[in-house]
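Quick heads-up: structures coming right below.
Shared between the two complexes below is subunit A, which pairs with subunit B and subunit C, respectively.
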Partner chain A sequence: MKKLIPITIIILIIFGLAYVMSGKIEPQENVRALGKFYLENSYFGDYSAKSPEVVTAILWDYRGVDTLFETSVFFLAIIGSLTLFRLNKKQEKEAKERIEKVEELTLVIKTVTKVIVAMILAVSASIALHGHLTPGGGFQGGSALAVAPLLIIAAYSKYALEKQGLDKTRALILRSIGLIGIALIALLPLTKGGFIMQNQPIFPWLGGSLIFYNFFEYLAVGAGFTAVFLLLAIPEKVFKKILGVGE
Partner chain B sequence: MNELLFYIGAIMIIIGGICDLFGALGLLKFPNFYIRLHAATVGTIGGAVVPLFGVGFLALGSDFLGGMKYAIAGASFVTGIIVLLAASAGAHALAYAAHKSKLVKWEPKCDHLEGDEK
Partner chain C sequence: MIAFIWSVIILTLIATIMISLYGISRRPNLVKKLIALTIFGDTANLLVVLLGYRLIYPVAPPILPSLSKEALQTFVKTAVDPLPQALVITAVVIGMAVNVLIAFAIVQIHRLYGTVDTRELSKKLIQVEGGEQ
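Right after this comes the complex of A and B.
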C-alpha cells in the first residue's frame, strides 16, 4: 500500500502531462530539410555516398566527423576504466598467476563454448565486413566479437584466455591498431585531393573506404571490450592482495 | 514449392508464439527452480529457435524479396543454430551451478531414483 501511492502519483503525473502536452505539439507533417537531404541523396537518390546501406552511409560519410567524436567518447570510457584498474608490470604478472585451482565448468559447456566461439567470430566478421551492404557495421560487429572472449572467460577462465596469448596488453595493441587504422583511412584521401572522414573512392580494391572504416572499428571495439572484460575478470581477492587493502 | 515453404515457415512462427506463451506461464506457475528452468528452455528453444527457422523458411518461400531472401534465410538459420546450442548449454550451466552452490533447495515433486545413488 505504501508503495502504491507514489506509483499512482507518478502514473497520474505522466498521463496528465502527456494529455496536456499532446494537444499543444503540432504533428510533423513535412519532412525536415535534413531528412530530405538524406532521403534524396542516399537510397532514393543518386547514392551520393555510394553505399546502399543508409545507416552506414550516414555514419561514415555524411556525418563522419560526428562518428569520430562518438567513437572517441566510447574509447575515453574504456581508457577511463583501464586507468581505474591500472597496475604496474610486476602487479600485472601477479594478476596473471592463478592463486588456487580454478574450477571449470562441465564438458558439455566447454564443448558448446568452443563451437559457439567459432560461430560468433564468423558472424561478427560478417556483420562488420558486410556493413557497407547490409544492416550492420563496425561497432555492432565489434560488440558481437567481444562476446567470444566473454564466453571463454565464463566457461573456462580468464587464465585460459591469457594462456592462449590474448592478454590485456595484446588486446590494447589490437585496439590501438584499429584506432590508427581509422585515422589513416580518414586522412589518406587528403593526400590525393579527397575529403576527410568520408567514403572516398581512392582505395583500389573493395570499393571505397567504408569497408576499411568498418573493419578497423570492428577490431578496435572488439579488442577494447576484451581488455575491459579481462580486467573485470581478475578476482577481487587477488586485486585486494595486490593493492594491499582490506582483509 | 515456394508456397509450401512459406506456409511451413508461418506455422513454425505460430508454434513459436505458443511455446513462448507456455514458457511464460510455466515460469510463473511451476513450483521450484529446476522445473522453472525447463519452462525457460521451452521459451528459448520453442519460442526463439523454432520461429527463427520458420523465418528462414518463410524468407526462402518469398520470391518478392529477390536475392535478399538467401541472405535473410542464412542469417536466421545461423542465428537459430547458435541459440539452439547456447540455450541448452546455458540451461545446463545454470542447473549445474545452482546444484553445486546449493543456493536452491532441492525439493523434488517426484524422484524415481531416490535411494539409487551410491
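Right after this comes the complex of A and C.
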C-alpha cells in the first residue's frame, strides 16, 4: 500500500506530461540523412558494401573499426573477469575434481536439457551464419550459443561439461581463434589495395567477408562467455579453501 | 492519439532511467545496484533503437527484400534507420560482458569480506587498512 502512492504519482505525471506533449511533438516519419545514405548505398550506389543486410554492412564495413574496438572492450571485460578468479595450475586441478556427491536432478530435466541444448546450438549457428542475409549476426548468435553450456551446468554440473572436453583452457583457445580470425580478415583488404575492414565481395558467397566476421565473432563471444560461466560454476567451498578465508 | 502513445512511450523510458539512476545511487546493496545498472543500460539501448524508428505503415526492417533497383525505391521509403540498431547490437553484448565483470567483483567481495552492504563494507575496509599499518 505504501508503495502504491509513489507509483500512482509517477504514472499520473507521465500521462499528464504526455497529454501536454502530444500536441507539440511530431511523430518521426523520416529517417535521418545518414541513415538514408546507408540504406541507399549498402548494395547499390557508389559507396557500396555489397551487402543487402544494411545493419551488417554498417557493423563490419562502414563502421568496422568501431566494431573492432567494441570487440576489444569485450575482450578486456572477459580478461578482467578471468583475472579476478585467477587460479594457478594446482588449484585448477583441484577445482576440476568433484569433492562430494550431490543429488542429481531427475531424468525428465536431463532429457529435456539434452534436446534443448541441441536446438540452441542449431539456432545460434543459424543466427550467426545467416547474419549477412537476415536479421542476426555474430554478436547475437554468440550470446545465444553461451546459453547452451549454462543450461548444461544447471541441469548436470560443470564436471559433466569438463568431462566432455570443454574446459576453461579450450574455451579460451576457441575465443582466441575467433579474435585472431577477426584481426586477420580485417587486415586482408590491405593486400588487395582496399581500406582496412572493407568488405571483399570477391569471395564465393554473396556477403563476401561478412560471413567470416560473423562466424569468428560468434566463436569469440560464445566461447568467452562459456569460459566465464565455467569459472562461476566452481563451488563456493572450493573457492573459499583456495582463497583461505572463512569456513 | 498516435502522438499521445508515442510521447507516453518516450516518457516511460525516461522515467525508468530516472528510477534506475535512483537505484544505482541510493541502494546500499551492491547486488541491487547491479540490477539497477542493467535496467539503466537496457533502457538506454531501447531509447537509442526508438530514435531510428519510423511511425508509418507499413514499416520494414533494414534488409533489402530483393536485389533490384525498383525494390530499392520502396525500400528507402519504408525501412527504419539502420544506424542505431548497429550501435545497439554491440552495446548489448558489451554490456553483458561488463555486467559479468561487475558480478564477479561482487562475488569476490562477498567471499573476502562476507558482506555486500556498502556501509558495512566501508567499515571493514577501514579495519583492514588500520590492521596493516
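The rule we apply is simple: the second predicted complex is superposed on the first by the 203 of 247 C-alpha atoms of A that agree within 3 Å, B and C clash if a C-alpha of one lies under 4 Å from a C-alpha of the other, contacts with A are read in each partner's own complex, and residues count from 1 in each chain.
Throughout what follows, contacts are C-beta pairs under 8 Å (C-beta built on N, C-alpha and C of every residue); 3 or more make two chains touch, one makes a residue touch a chain.
Since we're looking at a predicted model, the values are computed, not measured.
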item	value
First, second, both or neither for A:T113, with subunit B first and subunit C second	first
First, second, both or neither for A:L190, with subunit B first and subunit C second	neither
Contacts of A:V123 with subunit B and subunit C, given as first, second, both or neither	first
A:V65 touches, of subunit B and subunit C: first, second, both or neither?	neither
Partner chain in contact with A:I173 - subunit B first, subunit C second, else both or neither	neither
Which of subunit B and subunit C A:I78 touches, first, second, both or neither	second
Which superposed partner A:Q140 touches (first subunit B, second subunit C, both, neither)	second
Touching partner for A:L232 - first (subunit B), second (subunit C), both, neither	second
Touching partner for A:L12 - first (subunit B), second (subunit C), both, neither	neither
Dominant toucher of subunit A (residue count), subunit B or subunit C	C
On subunit A, positions contacted by subunit B and by subunit C	134
Of all residues in subunit B, those that touch subunit A in their complex	71, 78-79, 81-82, 85-86, 88-89, 92-93, 96
Contacting residues of subunit C [partner subunit A, same complex]	2-4, 6-8, 11-12, 15, 19, 52-56, 61-64, 67, 69, 72, 75-76, 79-83, 85-86, 89-94, 96-98, 100-101, 104-105, 107-108, 111-112, 114
Complex contact set, residues of subunit A against subunit C	10, 13-15, 17-19, 21-23, 25-32, 34-36, 38-40, 42-44, 52-55, 58-59, 63, 66-67, 70-71, 73-74, 77-78, 80-81, 84-85, 133-135, 137, 139-140, 142-143, 221, 224-225, 228, 232, 236, 239-240, 243, 245-246
Subunit A - residues contacting subunit B, complex	105-106, 108-109, 112-113, 115-116, 119-120, 123, 134, 155
